[in-house]
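Here come two complexes built around chain A, the first alongside chain B, the second alongside chain C.
This part shows the complex of A and B:
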C-alpha cells in the first residue's frame, strides 16, 4: 500500500510538472510576444515596454525564464497581472475562499443528491420513485447550469422571495448557487451509483445474504453499499473537475465574488499570467483529488492489489 | 424494496427494456431542419429591432415576443440555433477526427509511440474541461470559431483515450489475429477489421462529445467569449434574457428550453447506443 501511494504521488507530481510546463510554453510560444502586444495596445512607450520585459525576465533565454518560472512557482509566486500589475497569487488568494466555499458546499449537495438518486434508482427501478430519480439525474446532465440557475433565481428569489438572488454576503447567499451547481454535478454521480449498485444487486453474495435471513436494510448496508460504492469514488473525483469549471459559470450567474469573475475578465482581457495562475492551480487541485481517490479506492476495495498494480 | 421473493423477480427481470433512439433522433432532426430553414422561417431580421417596440409580450405578430432591444425572439431563436448547432458540430469534429487518429495510432502501434501520445493526452486531461477551453480562448481570442476550436480541443483527450481503449481491446480479438494470419497489411487490418468493429463504441462516445460541446459551447457564448454579441446564439440569448427574466420571461424561455431539449435528445441517443453495447 505504501509503495502504491509513493508511486501514485510520484506520477501525480509528474503530471503536475507536465501541466505547468505546458501552460508555460503555450502562453510564451504560441501567441508570439503577446505581452508586448498587450502593452502596445495599452499605449505604453518603447522604453516602458523594455523596462517591463526586463522586469518580467522576458529578455533572457527561454530555458532561463522557464527555470525562473518553476522556481517562483515552488515559492508560490505566479507572476504579476499585466493589467493591474498586482501579484497573481494575491489576486487569487483574495477570491479563493469564496470559490472553495461554493465548490465544497456544491460537492456536499452533489454527494447527497447523487448517491441518493442513484441508490433510489437502482433499488426501485420499475416503480414510479425509481423513474422519477432517473428523470432527475437526466435533467441534471442535460440542462445548462445558467438555465437552471436562472429558473432557480426566478422561483426562489423573485416569486417566493425566500432567498437572495445574487451577491456573496452570508450563508443565505450560498444556498442557491451551491444547490444549483451541486444538482448538476449530482447527475454523473447518480449514473455511476445506479450502474454500480445494479451490478452488485445481481451478485451471488447478495442473494446469499437474503437467503441467510438478513433484513433488507442489513443487506443494503452491509453488503450492497459496501461493495458498490468504491467505483463511485473515481467519479466523485472526476466531478471535482466539473465543479472547478462550473464554479466559474455559477459565480458569474449569481454575481458572487470568487475566482470565476477574476478568470472571466482575465480571459476577455487576455491577461495571461492571471489565466495561467488560475488554471495551473486548478490542474494541481484536480490532480491531487484524483490521486487521493485512487489511494482511497485501493484502501476500500481489497481486490485492488495495490502492491502489484502500482 | 426487495424482499427475498422479489429478489427473484429482480434477477429474472429482463434488463431495462432496450431504449429506442428513434424518438430522440426525430427530435434532433426536427431541430436541425428548423434551424437550417431559419432564413425562410424567421419572420423578422434577428439582428435589428422591429418597429413595434421592445419587451413586447408574445402576440400573433411576435409569437415569442420581442427582447430588450426590440428584436423578434422567434427569429433570434431560429437563427441562434444555426449558430449554436454549427459551433457544437464543428467542435465535435475537432474532438473526434484528431481524437480517433491519435487513439487509433496509439492503440495500434503501442510501444513508445503509445506512451508518448497518452502522456500528452493525460497532461491535457489534468486540466478541468471547461478551464482548458478557457485557456485556449485566452490564447486565440474570442469568436464563434475560436469557441468551437477551444471546446473541441478540450474534449479531444477523453475521446482519444476511449478510441485507444477500443482499439486495444479489438487488437487481441480472434478476427484481428485471423486478418494478420492471412497476411493483411497493417492499414488494412486497422481500417477494414478493427474500425468497423469498434464503430458503435466510437459513435456512442461521439454523441457524448456532442452533448458536452453543446453545453460547453453555449456556456462560453453565455460568458461572452463568442465575439460579436449581435450574432444570435442560444447561450448569448440566455445571458441577455436572464437579466430581464422577471419582467419578460419569454426572452430566455425559448433558448433555454431548446438547448435543454437538444442536449437531452443527444444524451438519450448516447444512452441507448451504450445500452445496446452493454447488451441490455
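This part shows the complex of A and C:
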C-alpha cells in the first residue's frame, strides 16, 4: 500500500510539472502580454514599452524565464501579477476560500442528486419514475451552466424574488450557484450510478439474496449499493476536475468572488503569472483528488489489490 | 451511502458558518453600483482601466476639474493657475483649506510627492505617466504654489490634470504602503472615502462629511447616498437582470437590447451617456490592395448604410459617426458630416472608375483583363505587387470581440455584398491578436478606437511614426496638424488644427466611422440627479440623490 502511494505521488508530481511547463509555453506562444497591451493603450512609445518589459524580465530568453519560474515554484513562489504587482500566492489565497465553498457545496448537491437519480433510474426502470429520473439526468448532463443558471436567476430572483441572484455574501448567495453547478455535475454521477447498479442487480449474488428471502430494501442496502458504488467513486473524483472548470463559469454568471473570476480577468489581460499560478493550483488539486480516489478505491474494494499494482 | 449524504450536509453547514461577517456599516442609505469588469489593479497612478475611475473619481480631487456642461476648466485643488508665455511651464496656486481623509493637510509638497510617484520608473505607471506628456520636472515655489515644467509646450495638460489618474493621494499613506499595497488603502481628499476593497468581490465607499472644497458643479443633494458598494458584473446579460431583481441600483454598460426593455420598466431609468474620443471605426490599410486606392476607400464608405447599423445593432442608442472624433470630443468639427453619405450608386460608379468594371460568376466585382478606356487603374504604392487582371474586389476586416463590432461587421458584409464587394471577416480574441494582425499588414480594415475628451488621442493613430498607425498613411500635412494641435496653447489655434486634421482624415478616407460610443447606464427610479463627468465614464457621485420610502414617492 505504501509503495503504491509513493508511486502515485511521484506520478502526481510529474503531472503537475508537465502541466506547469505546458501552461508556461502555451501562454507565451500567444502574442502580446499584459503590460504591452496596457502601455500601448495608455499612450506609451515603443521605447517606453521596451523599458517596462525589461524591468519585468519579460525580454530575457524564454528558457531563462522558465527556469526562473520553476526555481520560484519549488520555493512556493508563484511570482507577481504583471498588472497589479500583487504576489500571485496572495491573489489566489484571497479567492480560494470562496471557490472551495462553491465547489464543495456543488459537489454535495451533485452527490445527493446524482446518486439519488441514478439509484431511482436503476431500480424503477422502465416505470414512469425511472424514466423521469433518466430524463432529468440527461437534462443535467446536456444543458450548459449558462442556460440553467440564467433560468434559475430568472425564476428564483427576478420572478419570485426569494433568492439573491448575484454576490458572495452569506449562505443565501451560495444556494443558487451551488444548485446550478451541482445539478450540472450530477448528470455524470447519475449515469454511472445507474449503469453500475444495474450491472450489480443482474449479478448472481443478488438473485441469491432475493432467494434467501431478503426484502427489496434489504438487498439494495446490504448488497447492491455496497457492490455498486466503488466505480461511482472514480467518477466523483473526475467530477472534481469538472467542478473546478464549472466554478469559472458559475462565478462569472452569479458575480461571485473566487478563482474563476480571477482567472477570467487574468486570461483576458494576458497576465501570465496569475494564469500559471491558477493552473498549478488546479493541477495539484486535480491530481491529489484522483490519487486519493485511487487509494480509497483500493480500500473500499478488496478486489483491487493496490500492493500488486505497485 | 447515508454517511456520504450526512458528510455532504455537514460540509454545507460548515461552509455556511464560515462565510465572513459583514463589515461595520455606517448608517444611511446604501446602494450597489455595478461595474462591467474587474480591474486587475485599482491604483489610479499605476493602472489604466476606465472602470477604476468610476469609484475613485469620488475618492480623489484633481488640481483642476472640467465642467461637464460647458467643458471649461474650473478650479479644483488649485484655486487658480497660469501658463508661462512660452507654454513651457504652468504654475498652480493651491487651496489652503483642504485635508486628506487621514487628516494629512494638502499642500504643494503633497502634489510633489504624487508627481514623484507617477513619474518614477519603478512605479510602472501604465497611463498616468503618459498623460503628463513631455514633463521635465517641478518646482515647489512655496507651501501652496507649485510649478510644472515641460520640455515642449503641452496643450492637453489641463485635461490630463482633470482626470482621476492624476488624482492627488495622501503623502502619508503613500509613504506607509508600497506600490503593490497602496491600492487597498487609498486616501484622497474627495467627497467619498474608500472603506474597503476586497479583490474580486467589492469596493466600498462612504461619504466624506468633511468635504467642503468641491468644484463648482458639485452640488450636495437633499438625500445623499451614504455608502456605495461597487461590484463586478462581467457577464453582460446579468447586468439588466441585476437591476430588475434589485441586486444593484446603478449599472453601467447595459446591452442595447436590454436597454430597450429597461426603458419600458417604470421602476428603472436609462441614462445614455455619450463618450468622447473616437467613434467605433474601421481603420483602412492604405498599403494593401484594394484599400490602397483612394477611390476604393471612398466607395467603401459610400456603400455603408450606417443608420441601418445603428438601428439594428445599437437599437438606435447612438448617433451615426461621420468623422474620426465623436461629437462630444473637444474641437469636433461638424463639417465632417458632409463626407460620404450613404449612396450605393456613387459607390458603384467610384468602383467602376477604380477599374472594377465587371462582375464574376459569384456577383463580385473584378478588374477585367485590359482596363477599359478612360478608367483609372488602382493607385499602387511602390512596394505593392502589381495587380493582375481578374482579381475580385475582396476586402479583409480584422474584428475584435468587444463593442458589438462582430455584429457590425456582419451587417457590413451583407450591405457590401449587394453591390459586389466581398468582405472577409477575421475575428480575433483580443488586443494582442489585433496588434499581431496589424503588424502582419495582412488586412484592409481593422477596428480599434480610444476614448478621451482631448483630440490628442488622434496622434496615437494618425501620426506617421505612431505606434498604432494601422492605416499606414504618412502625410506631412496631417502630422503637422496633429503635432501642432498638441503644442499650441491657444484653444482657437488648436481648434483650427484639429478641424483641419479631421477633414484631412476624411478627405483621404482613412477610416470608416460607424457610430459614436454611448454608455447605457441603468438605475432604479429611486436614484436621482444622475450625472457624469466630461469624460463620460465617471459618475459625479457627490450629486447623486436617493429617494427612500419615507419621501412619499
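Please note the rule applied: the second predicted complex is superposed on the first by the 265 of 310 C-alpha atoms of A that agree within 3 Å, B and C clash if a C-alpha of one lies under 4 Å from a C-alpha of the other, contacts with A are read in each partner's own complex, and residues count from 1 in each chain.
Definition applied: contacts are C-beta pairs under 8 Å (C-beta built on N, C-alpha and C of every residue); 3 or more make two chains touch, one makes a residue touch a chain.
Worth saying up front: this structure is predicted, and the values here are computed from it rather than measured.
Between chain B and chain C, the partner in contact with more residues of chain A is C. Legend: residue contacts after superposition of the two complexes on their common chain; A:169 is shown touching chain C, with no touch to chain B.
When the two structures are aligned on the shared chain, A:27 is found in touch with chain B, with no touch to chain C.
Of the two partner chains, chain B is the only one touched by A:141; chain C is not.
Using the contact criterion defined above for the overlaid structures, shared-chain residue A:101 touches chain C, although it does not reach chain B. With both structures placed on the common chain, the touch criterion links A:158 to chain B and to chain C.
In the superposed pair of complexes, A:93 makes contact with neither chain B nor chain C. Touch criterion met: A:266 reaches chain B and chain C at once.
Judged by the touch definition given at the top, the superposed model places A:67 against neither chain B nor chain C.
Contacts of A:255 after superposition on the shared chain: chain C is touched, whereas chain B is not.
Residues 30-31, 150, 153-154, 158, 252-253, 264, 266, 268, 270 of chain A lie at the contact with chain B in one complex and at the contact with chain C in the other. Across the complex, chain C meets chain A through its residues 1, 4-5, 8-9, 11-12, 15-16, 18-19, 22, 37-38, 40-43, 46-48, 121-122, 124-127, 129-131, 179-180, 183, 198-201, 231-235, 237-238, 241-242, 244-248, 430-433, 435-436, 450, 460, 467-468.
Residues of chain A touching chain C in their complex: 30-46, 48, 51-52, 55-56, 80-81, 83-87, 91, 94-95, 97-98, 101, 104-105, 107-109, 111-112, 115, 150, 153-154, 157-158, 161, 164-171, 174, 225, 229, 252-255, 257-258, 261-262, 264-266, 268-271, 274.
On the side of chain B, the complex with chain A involves touching residues 1-4, 7, 10-11, 13, 16, 119, 122-124, 126-132, 134-135, 137-142, 211, 215, 218-219, 222-225, 235, 238-239, 241-242, 245-246, 249, 252, 256, 259-260, 263-264, 267-268. Chain A makes touch with chain B in their complex at residues 15-16, 18-19, 22-23, 26-27, 30-31, 123-126, 138-139, 141-147, 150-151, 153-154, 158, 201-202, 206-207, 210-211, 216, 240-242, 244-246, 248-249, 252-253, 263-264, 266-268, 270, 272, 275-276, 278-279, 282-283, 286-287.
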